[in-house]
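Look for subunit A in each of the two complexes below; its partner is subunit B in the first and subunit C in the second.
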Partner chain A sequence: MATIKLDNIKKSFGKTDVIHGVDIDIEDGEFIVIVGPSGCGKSTLLRMVAGLESVTSGEILIDGAQVNGVEPMDRDIAMVFQNYALYPHMSVEENMAYGLKIAKTPKDEITERVAEAARMLQLEPYLKRKPRELSGGQRQRVAMGRAIVRKPKVFLFDEPLSNLDAKLRVQMRLEIKELQSRLGITALYVTHDQVEAMTLADRMVVMNGGVADQIGAPLEVYSNPQTEFVAGFIGSPATNFIDAALVPDAPKGASKIGIRPEHVTLLPSGQGKLGGNVVFTEALGAETLVHLRMDSGTETFTVRQDGAMPLPVAGDPVGVDWGADDEMAFNDKGRRV
Partner chain B sequence: MEKRVTFKGWLLPMCLLMPQIIITAVFFFYPAGQAIYQSLFIPDPFGLSMRWVGLGNFEYLLGDPYYRASFVTTAVFSLLVTVTSMGFALYLAVLADRLIKGSGVYRTLLIWPYAVAPAVAGVLWLFMFNTRVGVVSWYLGLLGYDWNHVLNEAEAMGLVVVASSWGRVSYNFLFFLAGLQAIPKSVIEAAAIDGARFWTRFRTIVFPLLSPTTFFLLVVNIVYAFFETFGVIHTITSGGPQQATTILVYKVFSDGFVSQDLGSSAAQSVILLVIVGALTIVQFKFIERRVHY
Partner chain C sequence: MARILDEGMVEKRGIGHYFTHVGLIIGVLVIFFPIWLAFVASTVTQSDIISPPMPLWPGDQFLTNYSKALTSGINAPVALMLMNSLIMAMGIALGKILISLLSAFAIVYFKFPGRRLFFWLIFLTLMLPVEVRIVPTYEVVAGFGMLNSYSGLIFPLIASATATFLFRQFFMTVPDELAEAARVDGARPMRFFWDILLPMSRTNIAALFVILFIYGWNQYLWPLLITTDPSMNTIVMGIKQMFPSGDDYADWPVIMATSILAMLPPVIVVVSMQRLFIRGLVDSEK
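So, the complex of A and B:
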């Protein structure tokens, strides 16, 4: 149980600056997801909290104590790695008991805690097996178990689900969330998958090019993105961006208008705010995605509509409209107007 | 799809294989056969006639205290060479693995001694430790230590062990470094987060994961110490003083070519042949199941 505070954290590798000053305040028991595209510095940030990377400048505080120079083993944290990083020569049981053994925990307590974690993660039948005899999902559970048994102050997750297939990923996502809220341990979770970020996070941190663009509850970030990047990155299909000059009644100072696909309605040609042609449609059952090319030329537009509505035909001219409240205006620096 | 090249007839493949087969036959099968044949005879001192003795040579050898002493010498020598060269190589490899800047230069320099032939290495060390003109023995003399490997058996053994291990460190270093770099970094990091400090990590994670490399090197180094150190011993001590550094392979040479006891020498060769055969079997058995964790 702990709070974490990142105070103006910067990191450079040689002359390359990868993180340009990040501030995050994490409350006790909170589940924070750091999300961003590859190369945005999210893993580096996590590794700095773990103590695996040095901090170039700024402060990391765990429970109010500065830990910048503290070795990973003295930070009372547990980490789940993307490739699980299990000890290949040890059985599942030994893998989970390793940290406790080093901490010189009494033997019967080790057995008890490993048994408890194994029960929680349904690993009981596999305790004597070596990691190579396990499936990907089981290995993932062992990695989780290894983190749980130590009862650390903080859980760190570095893209723990990205090596699993889609179905397993959804299942493990639920389990991680459930475990974390049951144990009440502060968690910092890094992913590039915005769905994981939306579903897991109490609050999410959207990173872009070494900067935390926005920090907030998932729905707040979704409905009120502060930058053009956040609006484009969070949400699938991605937000449509249109040159503000083309949009009637665009707010002052706006250079681009963003509008989410589900806020757009298709109208017959000649009606609505803008006009375009249907390029192709994707009928997904519950919903249909209609891809348009706008009359302005190069700009494309995606419309999400109910699956029950009639399918537009490719090549047809259409008009699009949206409510003024759904418009997100951004200035030429990508900031929200 | 058949990717291997297949030959229609047998003539071309035979021709292509012939050079290797001839070399093996002339330099291995023929001498080995000769050794087995000669080990059953005792030639007269002038090599004019041979007397059939059956297994007499072997019988004599196994009862010979000098031969049994040579076995002990070989065991001590190969144990010391293996432990010294592997231990030092592992130490250097662990340091080089942690090195970020200039690791290329460091590695290249460490590999150089491997290119030096054993006999030349022997002479190099002999120069340094020469009782009269050697640099090291001179400094030892200044410190009040009277170095004389020509008379002192322990010093002689120490010197041949060091000289034999020196070039070997490079070879072992390469394998250990490759082995260390094959261990996923995240596993080490996971251990660090689990609370293991450097030495604990090395003992419980790194060393066990390195065991395939260690075992391979153990066999290779024992074979080296048994057979390939002839040049070092010949140049530095010639097996002396008092046979203190006469390992089995050196005794084959000194009994056969110096003492002209070709029957006994041949019998010793056969015994060595059996030993190297056994070591090779161990090695192949091991390579078949490389991953044993």
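So, the complex of A and C:
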């Protein structure tokens, strides 16, 4: 139970700057997801909060206390690692109890807390097993259990689901969310998967090249992206970007117009704002993705339409249209106009 | 299952299969024959050995020869030499493991100035054969007054570049997250070493123990140099000391009994540790 404040955090490795000043205010009990492509510095940021990486400049405050030089163990945090980092020679029970054992917690209390965590995570039948005898999902739960038993102020998750298969990922995602809201512990979660970010976050932080491009509630970020990067990164299939010069009535100062695939409607050739040819279609059942090549050149353009609509034929000329409200205009620096 | 394994693992069937076995059996016989002869020679009388033909089946002097070897020997009782060898081999093996574990831990997990330099210095000593440094080492040991002592037998041989290198390579395969998880769990470095790194290295330690124990047991040149007192002789050099000089006659049955006794501890170590060894190979815990 704690607030976290990152104040103008910067990090360089030697002469390479990887984080260029990030400010985040996290409220007590909030679930914050940091999302971004590989190499954007999101893991480094998390590791700085954990205390595994030193801070080059700026301040990290947990519950109002500056923790820049504090060892991880004294920050009262718990971390779940991407590859789980379970101690291979210890049983599930010992793995979960290890932190408490070091903290010299009384034996009875350790047993009790481990049992409670095991019950919460449905790990009771596996307490005596070694990690190698468990499936990926179970190992993931043990890693969670190790974090829970400590009753920390803050949970840190470093891409905890990326080693699981798709089905398990969805299930664990729900469990993590449920667990966090039940325990009410502030959580900082790093992922490159935008679906995880959208579903888990109370607020999400979209990182790009060592800068937090936008911080906000997932739907707010989705519907109102502040930069071209955010518009392109969040949402699948990705936002279409068109040179503003080609779009009639483009706002002043805009160099690119972004338009989400679900906001576009296909029209017969010659109608609508722009024209193009169908390159290929992906019928997914509930929806169909139509990929176009625009008349203006080689730009590709994706349209998402209801699965019940008739399938366009590859090579057919079509027109596209969208509502002016759905347009997102960006200037030549990639900022929203 | 068995069929699949048979077909998968043994490519040649039929005649070739038997030839392979015959070849292996002949190989074993060739290697085992001298040992058998030594055993036979240790169970007969001196006159049986020196009058040709040499006997090929054990005689009835087993107890006499072995008890004579163990209790009185020729220069020193073999029991005493066995004990000396055991202390030296255990000291060398355990000492080497302890020191190289700690130095590998330092090199892999701590950042300190000259870290690479120290590693390469250790690595460099791998290239120097024992014979090159044996005279200066002798000087040093003599200066410390460690001649004819266990510490003199053990300490000069205790540093091991090979073992350090081996543990370094193993530690580097241990995921960094494990050390970080331990840090988050509150383990200080030495706690991490004892609670996590050491148990994880136990199959490597077992493997190394076997190799180093035999290395220590078989030391010949170094004990020969620094032990002049027969009561400090080790068994391997002791066998050579039993050979007569000048006109004395060799007590072959006792010498052979000593040889057989000298072979036993390494065999016991290999056989008993083999189980741990193989288990470690089968269920890897990385």
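The rule we apply is simple: the second predicted complex is superposed on the first by the 337 of 337 C-alpha atoms of A that agree within 3 Å, B and C clash if a C-alpha of one lies under 4 Å from a C-alpha of the other, contacts with A are read in each partner's own complex, and residues count from 1 in each chain.
To be clear about the criterion, a contact is a pair of C-beta atoms (placed from the backbone, for glycine too) under 8 Å apart; a residue touches a chain by one contact, two chains touch by 3 or more.
If you're wondering where the values come from, they're calculated on a predicted model, not measured in any experiment.
A.B. asks: On subunit A, do subunit B and subunit C fit together or clash when superposed?
C.D. replies: clash
A.B. asks: May I ask you to decide whether A:Leu183 touches subunit B, subunit C, both, or neither, giving the answer as first, second, both or neither?
C.D. replies: Neither partner.
A.B. asks: Look at A:Ala85 in the shared chain and tell me whether it touches subunit B only, subunit C only, both, or neither; answer first, second, both or neither.
C.D. replies: Both partners, subunit B and subunit C.
A.B. asks: Quick check for you: in the superposed arrangement, does A:Ala50 touch first (subunit B), second (subunit C), both or neither?
C.D. replies: Touch partners of A:Ala50: subunit B and subunit C.
A.B. asks: Touch check for A:Ala238: first (subunit B), second (subunit C), both, or neither?
C.D. replies: A:Ala238 sits against neither subunit B nor subunit C.
A.B. asks: Mind working out whether A:Met73 is in touch with subunit B, subunit C, both or neither, as first, second, both or neither?
C.D. replies: A:Met73 contacts both subunit B and subunit C.
A.B. asks: Shared contact residues on subunit A, subunit B side and subunit C side combined as an intersection?
C.D. replies: 50, 52, 71-73, 77-79, 81-83, 85-89, 98-99, 102-103, 130, 146, 150
A.B. asks: Under the definition above, what is the set of subunit B residues touching subunit A in their complex?
C.D. replies: 184, 186-187, 189-197, 200, 204-205, 208-209, 293
A.B. asks: Which residues, counting only subunit A, touch subunit B once they are in their complex?
C.D. replies: Where subunit A meets subunit B, its residues are 50-52, 71-73, 77-79, 81-83, 85-89, 98-99, 102-103, 130, 146, 150.
A.B. asks: Within the complex, which stretch of subunit A touches subunit C?
C.D. replies: It comes out as residues 50, 52, 71-73, 77-79, 81-83, 85-89, 98-99, 102-103, 130, 132, 146, 150.
A.B. asks: How about subunit C: which of its residues touch subunit A in the complex?
C.D. replies: Within the complex, subunit C touches subunit A at residues 175, 177-178, 180-187, 191, 195-196, 199-200, 283, 285-286.
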